[in-house]
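The structure's right below; bear with me while I get my questions together.
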Amino acid sequence: MTHEDWRTIRHRLRSPVLCFVALLLLLGVNVLLGVYAPFRWRNIWMIEAGIAVAMVLIVLVFSMELVREPPVIRLFAGVGFYWLVILFSLTLLDYLTR
Amino acid sequence: MSPSDTALRDPLTPRPTLGRPDDYLHSEHTLRSWLLTHDHKRIGILYLLSITFFFIIGAIAAGLVRLSLIVPNGMIFSNDTYNRLFSIHGIVMVWFFLIPSIPNTFGNFLLPIMIGAKEVAFPRLNLLSWYIFMVASLFTLADVVIGGVDTGWTFYAPFSTTFSSAWVVPALIGVIVVGFSSILTGLNFVVTVHTMRAPGMTWFRMPIFVWTMYATSLIFLLATPVLTITMLLLLMERGFHIGVFNPAIGGDPVLFQHMFWFYSHPAVYIMVLPGMGVISEVVPAFAQRRLFGYRFVAYASIALATVTFLVWGHHMFVNGMSEYASIAFSIMSFVVAVPSAVKVYNWTATMYKGAIKLRTPMIFAMGYVGLFVVGGITGLYLATLGVDEHVHDTYFVVAHFHYIMVGGTSIAFLAGLHYWWPKFTGRMYPEPWGVVAALFIFIGFNATFFPQFILGYLGMPRRYHEYPPEFQILNVLSSVGATILGAGYLFPMIYLVWSLRFGDPAPANPWDAKGLEWTIASPPPEHNFARVPQVDFEPYDYSEREQRT
Amino acid sequence: MNLSQYPLLLWPPAASAIAQETDWLILAWTALALLLVAPVFVGMTWFAFHFRAGRNVHRGVREGRNHLLEVGWMVIPFVLTLIFFAWGARVFDEDWHPPAGATEIHAIGRQWMWKFQHPGGQSEINDLHVPLGQPIVISEISQDVIHSLYIPAMRIQMETLPDRYTRLWFKADRPGVYRMFCSEYCGTDHSKMDGELYVMKPADYEAWLAHAGTADSLAAEGKVLFSSYGCAGCHLPGATVRAPSLAGVYGNPVPMADGGTIVADDSYIRDKILDPDARKVAGYKQIMPSFKGQIPEDRLVPLIAYIKSLGAPNAEPNGEPTP
Amino acid sequence: MSGAAVPVGIEVAEHFQDANQQRHAAVFGMWLWLATELLLFSGLFLVAIVVRVMYPDAVTAVALHLKFWIGATNTAVLICSSLTMSAAIELSRLGWRRGMLACMLATASLGTLFLALKGYEYWRDYVEHMTPFFGFRPYVLSGDRATQLLVDDYFIITGLHGLHLTTGVSVLLGLAWIARRPSFLRHHQHRVEVFGLYWHFIDLIWISVFPILYLLNR
């Protein structure tokens, strides 16, 4: 391994390592919230869900490199989630108004 | 007219064999060359043979159901036999005929040619898809015929999970597995359309058939997995008592219906959209006119594929869903009618000032438009809450969806089969027989299903083995119609096979139609195009004809 | 009227005002539909003959598009059909909300029969007798699979779900005998799960009730069951175990241990009997055993009817402890 | 550039025009497949959410019986495996075959670790009588029948995820076996990338499963 090799690899692995650190930090926050629940708030699940969404987005955009893909692939990555929203929202429309 | 056309039209000119690659049918003759082929055209033909077989099975079951319903007291078959017959009919027709019918046969054969590609993007996956289809469908067929399944094609919980004593588990496995065939085909088509178009083939130069294939593939991709998981949940519940719908532990069978119809309503558009695609090819070809409002029809295809995911609740208005959800689903169902109406009006307008040739495909196409309109309008009746409360789960529904699926998909399938038969096989079908078959089918179909609208409004529930005597005359009428319809289906099966040997050799473009598939020989050479076509023309460009007359 | 005398029926009898309205709805709908599809049918037929190939007619070159026309035939039919959405939704809404003071009849579906229980304690199998001019609410529940009670003459049906009450209502305005069906496929003898609806003049109905009558009303029958299942041992005032009094519970909000409240309706009381652990009531220790599998559906109906009949007592307002 | 690097590229199949088109098609196809996988799992998530709406108490009771710490550890394990997978992809682009192989094997090991922990968790569930579907074994939460709904859903979700992960590990090992040949990266470099998408996606599913089952309901 030459010096230049190390520089290449540091450069290439910067983004994966940053993702890794960010994901672990977010997971840590979520675990803390889950275990200690620092304040008794009924709707704490909203924060937890928000953090989970952030983690999913990090994986999608950086780990799966959506940021580098052409628009059409980004579109189809989004379509899957959009359809998930359709399924959830219309089904819950029934359950929440029964 | 291209030089190859002249060569083929003159019967005295020997088939050119040298300097030109063999066509896809004659390049190799071994069974192995068919079963291991990666050629999208051969895979299309394999599908064509398979779904014809399943159509025959489903049609026989339908015939026996109609036979049973001639008498009101159900003395021809036992109640369990009757329930199994309509379940066979539903399962086989929906999953093994209607859903793969046009996409997997015509789609496979034509989609790459229409966009000027040599192949689909993933040829091996395409073959795998056929094998998955065959294994799953034969497995399911063996189950429903030998073991018998009495749940209907809808598998409503908790009947299917707890109370039915039939062989439900193998049928569920079959339906789960066959879904992967749909998914792989859809995936292949979407990637093919996005990445394999010939130079110059922009999105708005694609024929409508390609647009509808694309829209259908989107539904394949986005709806089928939800069916897979729903059926898997049923399977776990029935097979291993790991249940989430079981009311005995507080589960909600209505949730099953939500998940089931999230797939099964869009599945209707898997059946309808390809039919619309076929008609959008046939009508301009036989009217020799540009398709009226091409862009609107193209957008309507994508709109249908999207909006169809928002309306599944109209199957559940009286199934214990909340009132607000029902109203929301009702109004969204009205929205779906808009893109469908666009297409119907556009086809009609296309014929205006055309030079119309009433050949078999065109007769089928006109029959299609008529029947589809009836099916569509009655669909709106059913989306109307006050009406659905009365006719839900009656023969009105049965008639409605047969107008869509038989009047729509099957007749469009026949229209396309006749239209592209010369391209597939290199032979012409006998024209007079085609016209006779089309008339038989049109008359037989209406005689079968129109009385069922009345029966439904009178209140005869569907899936009834015995019924009150005042419904008998209409039921007999319907069964007589089914006989005519059955005879109508027999004709093409006979004369199309006959034409393989005795039909006239087909020129490259027997209809003077536009589109890349008509620029290559019939049947097409193995790699479709000798060189990659440069597309510099609009779709349905019949302006030459229009200027001539 | 006896339907089976008709060799060929083309329009079903309508026995309620809503049924007649539904008929008008579908007729008007059909009129609009014909208006919308006539251009397609007439146009196609006429074009097919007039513009057939080889015929010398003026064709000319025409644009392949006309935006105004296309947007027009998209929007105008849509707006017209919305009238029927609104009308249909109105009928549906009316069918969803029974009027106050309707007589409640309980229907229990099971493979493959219906059991109806009248408020007076009379019960019948498959057939149902109802008085003319009186709104009838049918509260349905299934013991096994999903069924659906369908009365074509009232143009109405509602699914009968296991483990949950659903309801439909109608007000018959023409005496006669009408058909009832199970319209949701429910197995082997699905098609035999039908019966007849007898709409009778009020006097005849009273006579029928007296003839078919049992000794006790549903609530009275429920009171006996209340004791025999041991409910009274805990829930009556003065019992040794501290259980909530049931007086006046029905129809009122009940505070839950997790902070919310639930209005005590039929489904809630049924759930509490069968599955008392599910959502705990505030202020009480949950010690009640589950009666799942011990009380059949047709006995739950009188029990609930009894609990419903318990008015608010003077001593304990609402029967709820103040938290 | 290092001497360890081998040439990297894509062998163009007959029906494609160039390597770019082929790579794009492969990545596109994988994304579509992942969209279907997402909708596959969405049905199970939907069940979990509906059960939570219907029976909030029962859901909390179940969540307290799930092995929260194993779930959390497993999330961390998968996040680590995502890192090694990303590293394998980057090294494959550089043509550093040995490093890539090492990263692939590390990824497979982390996946196996996940499966082992999951198996241990199932065993704990069994010991703690959290298996209502075994008729021969009393169920610890039998007082509240609705709890079974979430427990059943939990087993189906984790089972299906485990199945995906098992497939992932097997394919990864197979890929590593093929990739040991020096010519692999010259012809099929894109396969590593396409497989990487699948691996990250399994990770993504678990990142959603963990809060939906273990965390939000507590």
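Order of writing sets the chain letters: A, B, C and D. Residues in each chain are counted from 1.
The rule is simple: a contact is a pair of C-beta atoms (placed from the backbone, for glycine too) under 8 Å apart; a residue touches a chain by one contact, two chains touch by 3 or more.
These numbers come from a predicted model, not from an experiment.
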{"item": "Most extensive contact between chains (C-beta pair count)", "value": "B-C"}
{"item": "Separation of chain B from chain D, taking each centre as the mean of its C-alpha atoms, in whole Å", "value": "36"}
{"item": "CA centroid of chain A to CA centroid of chain C, Å", "value": "45"}
{"item": "Chain centre separation in whole Å, for chain D relative to chain A (CA means)", "value": "15"}
{"item": "Chain D residues counted as touching two or more neighbouring chains", "value": "24, 28, 32, 35-36, 38-39, 42-43, 46, 50, 54-55, 58, 145-146"}
{"item": "Residues of chain C touching at least two other chains", "value": "275, 278"}
{"item": "In chain B, residues with contacts to at least two other chains", "value": "194, 222, 226, 248, 250, 254-255, 259, 323"}
{"item": "Arrangement of touching chains [line / ring / star / complete / other]", "value": "other"}
{"item": "Chain D to chain B touching residues, read off their complex", "value": "14-15, 17, 21, 24-25, 28-29, 32-33, 35-44, 46-47, 50-51, 54-55, 58, 132-133, 135, 145-146, 148-149, 152-153, 155-156, 160"}
{"item": "Residues on chain D engaged by chain C in the complex (per definition of touch)", "value": "55-58, 143-146"}
{"item": "Residues of chain B touching chain D in the complex", "value": "117-119, 121-123, 125, 183, 186-188, 190-191, 194-196, 221-226, 228-230, 232-233, 236, 240-244, 248-252, 255, 259, 532"}
{"item": "Residues of chain C touching chain B in the complex", "value": "3-12, 21-22, 25-26, 29, 33, 36-37, 39-41, 43-44, 47-48, 51-54, 59-62, 64-66, 69-70, 73-74, 77-78, 81-82, 84-85, 87-93, 95-96, 111, 144-146, 148, 150, 152-153, 155-159, 161-164, 166, 179, 181-192, 194, 275, 278"}
{"item": "Chain A to chain D touching residues, read off their complex", "value": "1-2, 4-5, 8-9, 12-13, 15-17, 19-20, 23-24, 27, 30-31, 33-35, 37, 45, 48-49, 51-52, 55-56, 59-60, 63-64, 69-70, 72-73, 76-77, 79-81, 83-84, 87-88, 91-92, 95-96"}
